[in-house]
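Every chain is named by a letter (A, B, C and D) in the order it is written, and numbering of its residues begins at 1.
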Amino acid sequence: MTTELIRLLAFLVGIIAFAALNAAYLVWVERKGAAHFQRRIGPKEVGPYGLLQPLADGAKLMSKQLLIPDGVDPILFKIAPLMVLVPAVMSFVTIPFGEHLAARNIDLGLLMVFAFASINVLGLLLGSWGSANKYAVIAAARVISQNIAYEIPMLLTAIALVMATNTMNLNEMVSLQGGGFWHWNLIKLTFTASPLTPIAFLIFFTTMLAETNRAPFDMAEAESELVAGSFTEYSGMGFGVFFMGEYANIVIGAALTTVLFLGGWQSPLPFLPNSVVWFLMKMYVIIFTVVWIRWTFPRTQFYALLNLSWKVLIPISLVNLIVTAGWLKVF
Amino acid sequence: MGLAKIKQALAELAVTETIEVSKTVPAPPAAEGEEQGKPVEVKEMIEQNMLFTPEYAKKGYHLDVKVTAENVARSAKILLDHEFFLESITGVDWIKENQIEIVYDFNHWHTLCRVVIRTRTDRANPEVPTISEIYSGANWHERETHDFFGVTFTGHPDLSPLLLPEDADYHPLLKDFKA
Amino acid sequence: MSADVIDKSLETFVLNLGPQHPATHGVLRVKLTMDGEYIVHAEPVLGYIHRMHEKMGENRTWAQFMPNTGRLDYLAALSYNHGYAMAAERAEGIEVPERAEYIRCITVELNRIASHLLWFGAFVLDLGGFTPLLYAFDDREQILDLLESVTGARLTFCYFRFGGVYNDIDDNFITGTREFIKRLRSRMPMYHDLVTNNIILIKRLKGIGPISQEMCRRYGATGPVLRGSGVNFDVRKHEPYSVYPEFDFDIPVYTDCDSMARYMVRMDEMEQSMRIIEQGLDKLPEGPVMAAKAPKILKPAKGDYYCAVEAARGSFGIRLVSDGTNTPYRLKLRSPTFSNLSLFAEACQGMLLPDALALMGTLDLVIPEIDR
Amino acid sequence: MAYFNELYSGTKSLFIGMGITIKEFFKPVVTLQYPHESLTMTARFRGHIELVRDLESGGNKCIVCGMCQKACPSGCITGNGEKREGVKGKVLTEYTLDFTKCSLCGMCVESCKPAAIQFSKDYNLAGPSREAYIYDLLKRLEEQK
């Protein structure tokens, strides 16, 4: 019992450290990535290659006053950033980083990640409503409808996968993808998965972008329309925590994509040993792609975004679901 | 749409003004025994329709019409019917004559024809009817002219300061305005 | 609750867009009455950087007003220098040497490309795409370097003088310009692939923000806004000035009246400007760059004069009233975006906020020019 | 069918866009790291004005004609001179530029007959106060020795 508790505590600390470090360094990756996509250098003054920049940013945010404007609901205003950050960190609990490297190996792990992921939007809504700012409220209304619209195709693609693999345990799902990259769910060349999985992967990736409010679906922020959207009234660490939460969500999204489609900690070639390194590599490739997409495309129009979900993603993911079901029945 | 047509349409609106012109008059026919005299220059007051076709290369516009304030809207309507568009409205403060001139610049998309409509109003109480119902764009131009010259455009929906601060009670382009 | 019981004023709210807002590019403020995300009524509020250039003009000599003209539209300062120089030359009757006219056209067109490039970048930024802005700036820098080597300044060039230009251009400028045109030609397909053909951008611009011809006429819109509504009106062709009649170039016209049309007009105009510059460099005659008989102190004859040029944003007109002294009696600056913006209130009614901002982006506003 | 066409062409356009940005990602940076690197200004760069050194006398070339003062649209030049014995013409005693008002138009340089003023190539112009921009150009010429 005590060993179990210690193990849990160690993992909790590890997860929080991992999430915080990743969130902080994602800002660096984002800035550096953006700079190079735009043929600039980006942060370079603080530490080598600007690697200490997140620390400097953190120090700056912490030293700033947490301004609470007039007319704001102080409780909601203060709780909201945490409501974005905490669920994101909690989601890490079930992510299998390595074969035996997961805080909790829960049978309904997938469900738990989705459950926690949907709390994030509540945080945004409360923060926006609490800050009594018109831009923030508009952003909140957008974020809600966006999340509702995109959760459906995301779950539909996930269900198709669950049907094929017969499990909701994330670690088991990874185990099933062993034996080289052609066993990954992305391009599984066996008859257990439907031939539509590459498309399912694209859908999942798109919905992941939308769920994490990333460009080109960054309706929550939409800086050229809504100033800073939900975060308009936030300053100092309130803003900082919001951003940590946003970036932690991206890490979760990337980790989940890795687990579901890219074989998690499985090595791409059978003769190479499986290790957590593969997991991290795949995850960071996804994260880089997310950054890459952000610095390539303009923002979608809000109704185009809903159209995309209802008219394109949901029908296709339904077709995917049916095809998968049929495929499993036939083979 | 030619220059002649629009000229004709605007001709009756132009005011007639008494202006002083100097012209060379041939000398009266020589009486018997006298030598043929040289032509003489005389100044004469004549009534003239204030509608000009100035030299375009020199002035930059083709038709210059002076109308009374009441006829501004009618001329604008004629020009709109002939598919002219409004380039700008502005004022000129003729402080010596105690008048403010309002100048309307019109242009045409397809024909090279710039028309200038001008009208004068009393400097102490400048009032001109608005044309913002005919040309929607005139709304802002008139507001601007009101800012700068204090000209009241009667019938204008909202003459609050456009470019000047909202509490401005001065009109900077008047010649007697000193900052 | 029946419809007539609902208090209408509670259904709408006022949104203050600006004066400090990322999409208003400068200090424009728009008071929007919104019904959800739909705009019910819009009222632009101007004058935040009003500097009363027209009064300044009345208080300085004709030549001393030249630097002011570059500060109206700081993105296409040379067009404004050109307009003012031409107006004063028309009033005074100064003949400009041919070489100077060619240099004027070449530099003005370079400036037009620089202005459109910046608009392109800033517009895509309005739509949420950051990267094209930096690519456009990279190209724009090349133009500014070229113009700096000739005029000595990067933004407020103040390069033209009554009767010619301030400095002659040199071989470095000519070869540099040719190289730049080669470079931009090779970059244009990249811009089109990255931005123009992008499905997200097409979805955001196609059919959005229609401005009809009739509306353009009522508001006096000019420039790319008008040409995007299918009217072939460009002062360079309509009222040929300088040596533009010598050049073979087209006026891009799109008849869709939507934001995409206005976007395409500007993108195509860059190509046309490149053509003009190439021809200008080919035909560039030898000779002086200042009129020999240009007077040092201007005293135009009494009367008023009008002169218009096609600036990057539309027809810039200047009305001079001279009383025969060495200072202008009255100097009216007709700025194109003033008229272009005035139609925004009507055009954006019933639109969604982001669409209205896309529309505002295609109007290509430069606030100092509107406020003067 | 149009639906699938649009879906296909739309998705393709997105991948083309991503292809372009990734190519740019690996290209060298185009920016200059400003405080560490700086550009040399072009020969015609219009900085604020400075007095030209007269190579023969080592002093300035100004004849105190006041043309620059008259030409300046913003009135930012103040020049004064006095008669001195044994020297032809006036001698410059004061030449200040109020750079806070200067619009860098270059009218003064153009108006100067003896070419006694020129554009400096300074562009790193930051200062703690307004007064820091009232340049005593005579002093500046002295210091440049």
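The working rule: a residue touches a chain if its C-beta (ideal position, glycine included) is under 8 Å from a C-beta of that chain, and two chains touch if they have at least 3 such contacts.
From a predicted model like this one, the values you see are computed outputs, not experimental measurements.
*Asks:* Which chain lies the greatest distance away from chain A when centres are computed from Cα atoms alone?
*Replies:* Following the centroid criterion, the farthest chain would be B.
*Asks:* Chain pair with the most contact pairs?
*Replies:* After counting contacts between each pair of chains, the winner is B-C.
*Asks:* Taking each chain's centre as its mean C-alpha position, how far apart are chain A and chain B in Å?
*Replies:* A distance of 67 Å separates the two centres.
*Asks:* Go ahead and note the Å separation of the Cα centroids belonging to chain C and chain D.
*Replies:* Computed value for the inter-centroid distance: 25 Å.
*Asks:* Which whole number of Å gives the spacing of the CA centres of chain B and chain C?
*Replies:* The mean C-alpha positions of chain B and chain C differ by 28 Å.
*Asks:* Could you grab the centroid distance between chain A and chain D? Build each centroid from C-alpha atoms only and quote it in angstrom.
*Replies:* 50
*Asks:* Taking each residue of chain C in turn, which ones touch at least two of the other chains?
*Replies:* If we look for residues of chain C contacting two or more partner chains, we find 131, 135, 138, 194-195, 198, 200.
*Asks:* Got the chain A residues that touch at least 2 other chains?
*Replies:* In chain A, the residues touching two or more other chains are 37-40, 295-297.
*Asks:* Scan chain D for residues touching two or more other chains and write them down.
*Replies:* Only 14, 17, 20-21, 24, 30 qualify.
*Asks:* Among line, ring, star, complete and other, which best matches the way these chains touch?
*Replies:* Here the contact pattern is something else, fitting no line, ring, star or complete shape.
*Asks:* Applying that definition of touch, give me each pair of chains that meets it.
*Replies:* Applying the touch rule to all chain pairs gives A-C, A-D, B-C, C-D.
*Asks:* Across the complex, what residues on chain D touch chain C?
*Replies:* So the residues of chain D in touch with chain C come to 6, 9-11, 13-14, 16-17, 20-21, 24, 30, 42-46, 71-73, 103-107, 110, 119.
*Asks:* Quick one: which bits of chain C touch chain B in the complex? Just the residue numbers, please.
*Replies:* The touching residues are 46-47, 50, 52, 54-55, 58, 87, 90, 93, 215-221, 226, 231-233, 238-239, 303-308, 315, 317, 319, 321, 329-330, 332, 334, 338-339, 342-343, 346, 371-372.
*Asks:* Within their complex, state which residues of chain A touch chain C.
*Replies:* 34, 37-40, 134-135, 138, 141, 215-216, 218, 222-225, 227, 295-304
*Asks:* Using the touch definition up top, name the residues of chain B that touch chain C in the complex.
*Replies:* Those in contact with chain C are residues 57-61, 80, 83-88, 90, 92-93, 103, 105, 107, 109-110, 112, 114, 116, 135-137, 139-140, 148, 161-165, 172-173, 177, 179.
*Asks:* Can you list the residues on chain C that touch chain A in the complex?
*Replies:* It is residues 13, 15, 21-23, 34, 36-37, 124-131, 134-135, 138, 194-195, 198, 200-201, 203-204, 352-355, 357 of chain C that touch chain A.
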